[in-house]
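Just so it is clear, A, B, C and D label the chains in written order, and each chain counts residues from 1 on its own.
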Amino acid sequence: MADRGDGAPPRYRDLPETDGGARSGWHLFGEDDSVGLLNLVTPAKAVQAAGLVRRGAVFPLDLASDFLDPPLFGRGFARRTTLVTRPGAALDDVHDNFYPQSGSQWDALAHVAFDRDRFYNGRTAADVDGGANTIDHWAARGIVTRAVVLDLAGAVDERGGPGTAVALTPADLEAAREAAGVEVTTGDVLVLHTGFLDWYATLGRAERVRISHRDALRAAGIEHTPEMAEYLWDLHVGGVVTDAPALEVWPPDHRREAWPWGFLHQVLIGQFGLAIGELWWLRDLVEDCRADGRWEAMLSSTPMNARGGIGSPANALAVK
Amino acid sequence: MADRGDGAPPRYRDLPETDGGARSGWHLFGEDDSVGLLNLVTPAKAVQAAGLVRRGAVFPLDLASDFLDPPLFGRGFARRTTLVTRPGAALDDVHDNFYPQSGSQWDALAHVAFDRDRFYNGRTAADVDGGANTIDHWAARGIVTRAVVLDLAGAVDERGGPGTAVALTPADLEAAREAAGVEVTTGDVLVLHTGFLDWYATLGRAERVRISHRDALRAAGIEHTPEMAEYLWDLHVGGVVTDAPALEVWPPDHRREAWPWGFLHQVLIGQFGLAIGELWWLRDLVEDCRADGRWEAMLSSTPMNARGGIGSPANALAVK
Amino acid sequence: MADRGDGAPPRYRDLPETDGGARSGWHLFGEDDSVGLLNLVTPAKAVQAAGLVRRGAVFPLDLASDFLDPPLFGRGFARRTTLVTRPGAALDDVHDNFYPQSGSQWDALAHVAFDRDRFYNGRTAADVDGGANTIDHWAARGIVTRAVVLDLAGAVDERGGPGTAVALTPADLEAAREAAGVEVTTGDVLVLHTGFLDWYATLGRAERVRISHRDALRAAGIEHTPEMAEYLWDLHVGGVVTDAPALEVWPPDHRREAWPWGFLHQVLIGQFGLAIGELWWLRDLVEDCRADGRWEAMLSSTPMNARGGIGSPANALAVK
Amino acid sequence: MADRGDGAPPRYRDLPETDGGARSGWHLFGEDDSVGLLNLVTPAKAVQAAGLVRRGAVFPLDLASDFLDPPLFGRGFARRTTLVTRPGAALDDVHDNFYPQSGSQWDALAHVAFDRDRFYNGRTAADVDGGANTIDHWAARGIVTRAVVLDLAGAVDERGGPGTAVALTPADLEAAREAAGVEVTTGDVLVLHTGFLDWYATLGRAERVRISHRDALRAAGIEHTPEMAEYLWDLHVGGVVTDAPALEVWPPDHRREAWPWGFLHQVLIGQFGLAIGELWWLRDLVEDCRADGRWEAMLSSTPMNARGGIGSPANALAVK
């Protein structure tokens, strides 16, 4: 890996420029890399993370399959069918219409390209079909690292709440970090609590139906700006996860003239190779952090070992 | 929980007797319990487990989705469909025919009953339909505990190999434990390596097709006996996992006259509430244990948060 | 069957009244009937229909699986997976997410109730689960009868076009019938051409995406009125099919105060037991009728023999 | 179409020879044809067929979805899920794991190749992926033609019954034809009743489970011989359908040295472009033929309009 001489990745301003004013992390981990910034999650990170386990409090971070009702983006529920192997005595089950990205999720690096046929590390859509950037590359490593939790719910509430298009800035994240009294270290996973799912849990059916449509959804999230890209890169985190439907403020701007900054996924996934997690259930973890004042935890996650997959359930635990 | 006065569960011989000469763990954790022996996986176990992380070596324990080809028991492959959201630029995917028990898996306590309409803790099939004993009860806790690894591959090989019906006895397990120089403590997960998947990986297609049929399959595993039930109970483990298709030697004996000892699942799941994991990929972990002589690890697993589900992928990591 | 003494069903005004000012066809074909007005499609109708075949021109009436793109009502495409049995030499396939009502379709009598737990012929939702009113009852008969085609596209175009909420009246249908110079006889299937699919075929992607959302869709169709119910009943047809997403003008009015006339399905299916077909591809047939001046044909259809099913592809041909 | 000068296709002995001693029907209907011998089902055939409708007796020929229990060849049941749109008042449904060839079915010309990458009319597997020889080509025509019914159940019973590997010869078919007193004309569909499904309906569960395995299945059918190929070609039928799992006696012989005559599908589909139907429910139709002595009917079928599909339910009716 090309670096600054001290083992850490280069600074954003030292990355090569690419189109649209973005900078590129391609080839930092080699021509054949399909892992991206999770390469920064080294064995040393697992040791560091295990050292954070004090009370043995375990926080599952995956939503139940029926929490989002109806599912967002019109995906439809997964259909689970119970199969009776021996009546009254032995059961199996099988799932159909199972979208690994319909609930608490990881986006594989194959999910969004920087631009047409320009996926992370220079891959084409055909390369993705051939197995580049897919979720099984993460499954083959597993993820055990330190999580740093930033509570942005207060800032979001002041500016309209998690069901509105509040754009969080680097200054907002820094303020939360300072309030938590925590440093971010290379290879951490940054956990951003916006309060979206806590708010969703309070909604009546009519409102849930309404925001299940892509066009009607509004959600708080990080801003789609070069400044945010630079801020996140320079933290040298392996991943960023959140409780909102997208990491960024929703909706994005897909017009060509807004490219690439209309939708920061294009830079974060397509150029940086950043692991992005969305719709994670963070409330229990955040309440515990508020109670004990410790905004860090061991994070353990097993991305789905689906050959060629584009996404995965979060399959994640925080342990304190 | 009723216990022996020292916080540990009762001994097998002190459990109430039930039909067929079996003993019952029902109601040990209360009338409403759907968790079973994973109740023994307490926060203290997570702390103990984290203390085992020395080098930060992470071992993903889930098979890739295409490892078993064809899938066992005629289940058919999961079908993963890539969905093109924006051509060449944004992809999603969706899975159909996804059997959570087709690869590396957990069996929920709803999987097999002691007898018709006698599921763990006295539940009927209707209770299971209503949400008793299902996988989401485990998902709501997560699993972080100490794993103890027993290498039985040598014993299996001496007696015919993992593709034959080698029945492992308590003495075999004890011998492996002593060879490893390790103690089993309450709330551990016991990890039994038979070599089945290592052997499977060497098979040609014709042989893999042949054993994919239920009737043709033969596999090593623990014996279907009261002695094995007593041995496993008295270890007071939270779960037992293996690399073979069933925890027990295959095939079981489903004839009525053989009940309940013809198929130990009926006692282990239906009466004990034991968490059973099957088809876990153990080779990398076992090779590491052989190399460093340490047969224990932190085990982390996130059962699938599927409301009402009967099973789950293992979603498991060992960390040393 | 209770009738007027001449073998035909009673007139609408002679049917018993039920709630909301509607009249009821329940029990006209017996307490156990799950077939409804398709009972009027007798063997004599098949003979009559066969007599209409002059040139042997066959008109398939089912849309291709990719015609509606994206599918309406957010259902998602069916996913067809090709399975390679022997590479390059033998293929199979399998479908997931297959909504039998996503394209050209029949609604079974289990599709919509008159009111909560009041399905056709007095059935509850539990009765439907037990097999009442389901599609297999029609599959067990097949449908071969005379089709009468009414071309309403001109009337629709004059009043806003098929993509607007044009409500067609009995007078509109009568005018089309007279223009066609055709009589409707007991047991016919009435075929109503609004031009919706012809218009849909001209739309660009953005517009197709827009109207795929339930709330944004507008479509011409018959009015939701007692007069239309009476008109259709008194024709004594076995079914009514159309090329629009619903037989009736869309959207319906689901407010309680509008019940039952806010959504005529509730009366037509729930009280009459009328076979309703939607999204049938009628353009080729209608163009042929325009050319030869004959607005009748043999209609042949095989509803899907799915045990307990709620709907079916049209599986229909017209032959002239 | 190249022909003998009288509008009929060439005789088998006049077809060009190809490998393995087979003769080829490729390009008889043009280089771009994906329809095959169903080209012989002309409008004149629909007129002829309609003329056979005397009593209006309709015979649905599709099995119910739960008739084959368990499904043959280990395919698993289709899973039909009822979706509650409005509780107690409006239902939809959706199917997963729906194999169009698991019950009464048509094999598209893409189903089996003559040899590797030699599908009907010279198409490769890639051509099939691109839409050649797929079921939608038949759906776009529909099928209305004369059916000729041959009752072979007696001959099968004499030689071991439909659950044994009875190989039917051209002489057997000729004897059945003569007994029926019927001529086969160009473009007919030949309907062969072996009694397989009638026998299947009598089996207990254990036997049905046993024969659901590919290796254990035995079934009567036409012999895999050049003589049978010549006989069927020279009838100039558009299709051949049967009530057995394969048109031919089962099992076929897939060894390379047996090619192409080890599995007549390879010649009938791959070289002739013959429409083959299997597992059709023929008992009701055959009993009617026995009763009235008329062994012909109008056949109407709508192959599934699935873009790129490899098979279809039969979606078929016979009308007399």
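We take it that a residue touches a chain if its C-beta (ideal position, glycine included) is under 8 Å from a C-beta of that chain, and two chains touch if they have at least 3 such contacts.
Just so it is clear, the model here is predicted, and its values are computed rather than measured.
Both copies, subunit A and subunit B, contribute mostly matching positions to the interface they share, with over half of the numbers common to the two.
Set side by side, C-D and B-C show the greater C-beta contact count at C-D.
Just one of A-B, A-D or B-D has an interface built like that of A-C, with over half of its contact pairs in common by residue number: B-D. Work out the mean CA point of subunit B and of subunit C, and you get 52 Å between them. With centres defined as mean CA coordinates, subunit D is found 30 Å away from subunit C. Counting partner chains per residue, subunit A has residues 75, 94, 96-97 touching two or more of them.
Those residues of subunit B whose C-beta lies close enough to touch subunit C in the complex are 79, 81, 94, 96-97. Contact residues of subunit C toward subunit D in the complex are 42-47, 49-51, 53-60, 62-66, 75, 78, 80, 82, 86-101, 103-104, 110-113, 115-117, 124-125, 128-129, 136, 139-142, 144, 254, 298, 300-302, 304-311, 313-317, 319. Per the touch definition, subunit B reaches subunit D in the complex via residues 74-76, 96-97, 213, 215.
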